[in-house]
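Both complexes shown next keep subunit A, but they swap its partner, so subunit B is in the first and subunit C is in the second.
Presenting the complex of A and B:
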């Protein structure tokens, strides 16, 4: 019997080998997926919800109210889209242009700078399939995929017997963790866990670069030089090395220069790639789509055909400075991810929340439109963390509209 | 030893590093207003010596505060072998973000993994409900 495989949109890995047992539009079993994937795909849905001022309304009223809010705003903010399809993201960019909006996603305070360096080809990268088939030295730096991308190690980076790595993790792969705490991933790395103090990454990088050229590696926190030299020796021998970089690394650096220095030093001695551990299922797609349109990956403001860019157009700075006067938030919950001291300013402006889930943001919105879950109830394409395009079809019928449909209707109502 | 530890209700200063937890993420997807998500989110993981200094047992509640906010969460032991006094860990989410500074230096990037707070015992008090955070 031919099996039907589905795509999980639970994280940036977009696993495409998921089996689902469903009956009468109810998912009974999700096979192959991780704990997060199962929860994501099995999330039960009731009737479609449309609310204005926390009172139920029909779809047309919600769309009309959302359009009125955006029409009346001088500088609306559009934020989110990390779990939206590429098709939805492109409509959101068009909408932002049409209403002269500030447009941003979570990458402005997560891994956007690193993703931009990858898109601009300033850093050598590779695909997850290459990692599976070839990688011999794998570094998890400031990231814990065992919790954030649960099948990362088993499907790609450590445990598989890839084409050129038949002897697998026991003999042919070395996994290394650099982190401020012994995460679940660090535990798997055993003796190759390098624990550094918070904000100690830049110094550790420079000590490692010294170690790579045979110099004595020094840090102000007295990391044992012998251990750094041992690490440098492993890295020097890499035939296909890869650094998976997380927010722990990027948030600890003032800028990306230490990463550029390290990649240069590593590629003088060995063969190294870097991949940002993009969290949401289509943050990479958003960054690529916006870059194709504007030359920037996030934090833009459209103004009568021109594009302004800079941190002042990020969600954090625009909320902090109160420069935006309405917000359209798509598939994201700023009240759960941004500092309370900043996100509280959202309570002062009208918010339209478009989301598959009830969230703190949806509860604090003037308009809430409950949409279909991409990959489960709505189809489209998304871009995996290694920039591979993945398409998916819905496998559950729903009366929930897709984000794409709602954005199109809001555009028309404008 | 800092002065705070001589107070009747001892107080310690720590830096919080936020992190992700698969069990918390799963609970969030199932119901972010539910008990499991609160139990997985409203916690702080401390060094055993810091717990002792606060006269706390695992599971006792603590008040964590700074000039940006205040939350009551359950104290846990980190379980890490390497001592880390003065550094504590909280899962990302509505409870920990309440304490993050609005100071970003204009970069657009808050200090998610560098949160300075004081912690005191809140024995007997209930964990802050998600609805009362905003």
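Presenting the complex of A and C:
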């Protein structure tokens, strides 16, 4: 019997091999998904919730209030969409155009720059399936997939057998962690954990490049040159190397130049790829969709048919400068991910929160519309961290509207 | 926990062979390997003078709460279902190379020692575990691959 596998939308890995046993729309058993995924799937809830000023209303009232807020705003901000389907994201982009909005997502303070370099093909990348089948040297740099993408090592990057990796991880793969702290992933890497000081990444990269060409690797923090040379030697021997780059790496660099330099040096001696450790299930999709539309991956402002772009259109800067006068937050919780000093400015403007979960943001919003969970209660497509498109069907029925439906209705009401 | 010698000390030491083994020492080794159970020694079970030793041995081999027959314990509060142990476990790989052995969903569930259910790893089919039976080895595949020390053998 052909098994019916589901896709987990719990993180950017979009695992496509999940078995779910459900009865009367209650999930009884989930097989193979990690704990994050199971929690994500089981976040079921009762009646649909629509609120205006913290009072329950019906859908039509919530939609019309949301539309009014957006219509009255001169420069509304649309933010989030990292867990939305590609279809929803495209509607949100249309909506942003229509109301001359500022549009941004979490990538503006996470991995956006690196994702853009990948989309523009400035860095050699590969797919997760290639990693499973071929990778012999795997570097986790400034990222802890064991916490953020729990099945990363078991499904793709380290432990599984692959087409050209039949003898197992002990013999055929070397996993390396570079990080400022001994993370869970670093623990798995054992002796191949390279602990560097905060903001020490750029220097470490240059030392490593020196090591790759046989020069003495020097750092101001006196990292043992012998260890760096040892690392350089392993990297030189890679037939299929991959760097999984996380926020820790990107945020410690002024710009991406050191990464470009390292990739160039590595590819002179060996064969290396890089993949950003995109966190949410469809941040990659958002970046791709916006790029296709505007040539930028985040931080844009639409103005009567033209597109402006720059850090001033990121959520952080636009809230700091108080340039936005209303916010539509879709599937994201800025109140818990941004510093209080910035997010407090959100309290001064009307906020519409569209989310499948109650969050700090939903509690602090003027309008709250509770939607179906994408990948569980609503179908669509999302883009995996390696840019593979994954489509999914809902497997739980719900009376909650999907984000897509709600955005369409708001568009109509405008 | 114990060695065969200690177990031997608690047996009748008469080498009566009623258990089917050649000697009490052989029986002790079989006990160690979980091949036989204390009740497989008839004198031990039936004769009142061995009562105390019988109870001691039985309690030693009664799987305590949460412990499996190989002594494998999963600390469910720590485990977050990453599946590293599932994919690295040698008998899992041998019995399901293209399923869990390749990082995918199980295709041969009845033969797997470890599998993730509801986000937490579950130990089952312990007969397949390398720490089980006569030819057991000190396999530690599931221990060294766990990021949070959620698997332990006692």
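By definition in this document, the second predicted complex is superposed on the first by the 414 of 414 C-alpha atoms of A that agree within 3 Å, B and C clash if a C-alpha of one lies under 4 Å from a C-alpha of the other, contacts with A are read in each partner's own complex, and residues count from 1 in each chain.
Simple rule for what comes next: contacts are C-beta pairs under 8 Å (C-beta built on N, C-alpha and C of every residue); 3 or more make two chains touch, one makes a residue touch a chain.
Small disclaimer: the values here were computed from a predicted structure and weren't measured.
With the C-alpha superposition on subunit A as described, subunit C and subunit B fit side by side in the combined arrangement. When the two complexes are overlaid on their common chain A, residue A:299 makes contact with subunit B while staying clear of subunit C. Judged by the touch definition given at the top, the superposed model places A:366 against neither subunit B nor subunit C. In the superposition on chain A, no contact is made by A:400 with either subunit B or subunit C. With both complexes superposed, B is the one of subunit B and subunit C in contact with more subunit A residues. In the superposed model, A:51 lies in contact with neither subunit B nor subunit C. By the touch criterion defined above, A:339 lies against subunit B but remains apart from subunit C after alignment on the C-alpha atoms of chain A. Shared-chain residue A:97: touches no atom of subunit B or subunit C. Once the two complexes are laid over each other on the shared chain, residue contacts for A:387 go to neither subunit B nor subunit C. By the touch criterion defined above, A:168 reaches subunit C but does not reach subunit B.
By the touch criterion defined above, A:151 reaches subunit C but does not reach subunit B. After superposing the two complexes on their shared chain, the closest approach between C-alpha atoms of subunit B and subunit C is 7 Å. Shared contact residues of subunit A with subunit B and subunit C: 34-36, 38-39, 146, 150, 184.
Across the interface of their complex, subunit C is touched by residues 3, 5, 17-19, 29-39, 132, 146, 150-151, 153-156, 158-162, 168-169, 184-185, 187-188 of subunit A. Residues of subunit C touching subunit A in their complex: 79-84, 86-88, 93, 97, 101-106, 115-120, 145, 147-148. Contact residues of subunit B toward subunit A in the complex are 15, 17, 19-23, 25-26, 28-30, 32-33, 68-69, 78, 80-82, 84, 87, 89, 92-94, 97-102, 104, 106-114, 130, 133-134. The part of subunit A that touches subunit B in the complex is made up of residues 10, 34-36, 38-40, 43, 108-109, 144, 146-148, 150, 180-184, 195, 198-199, 247-248, 251-252, 299, 311-312, 314-317, 320, 333, 335-344, 347, 357-360, 364.
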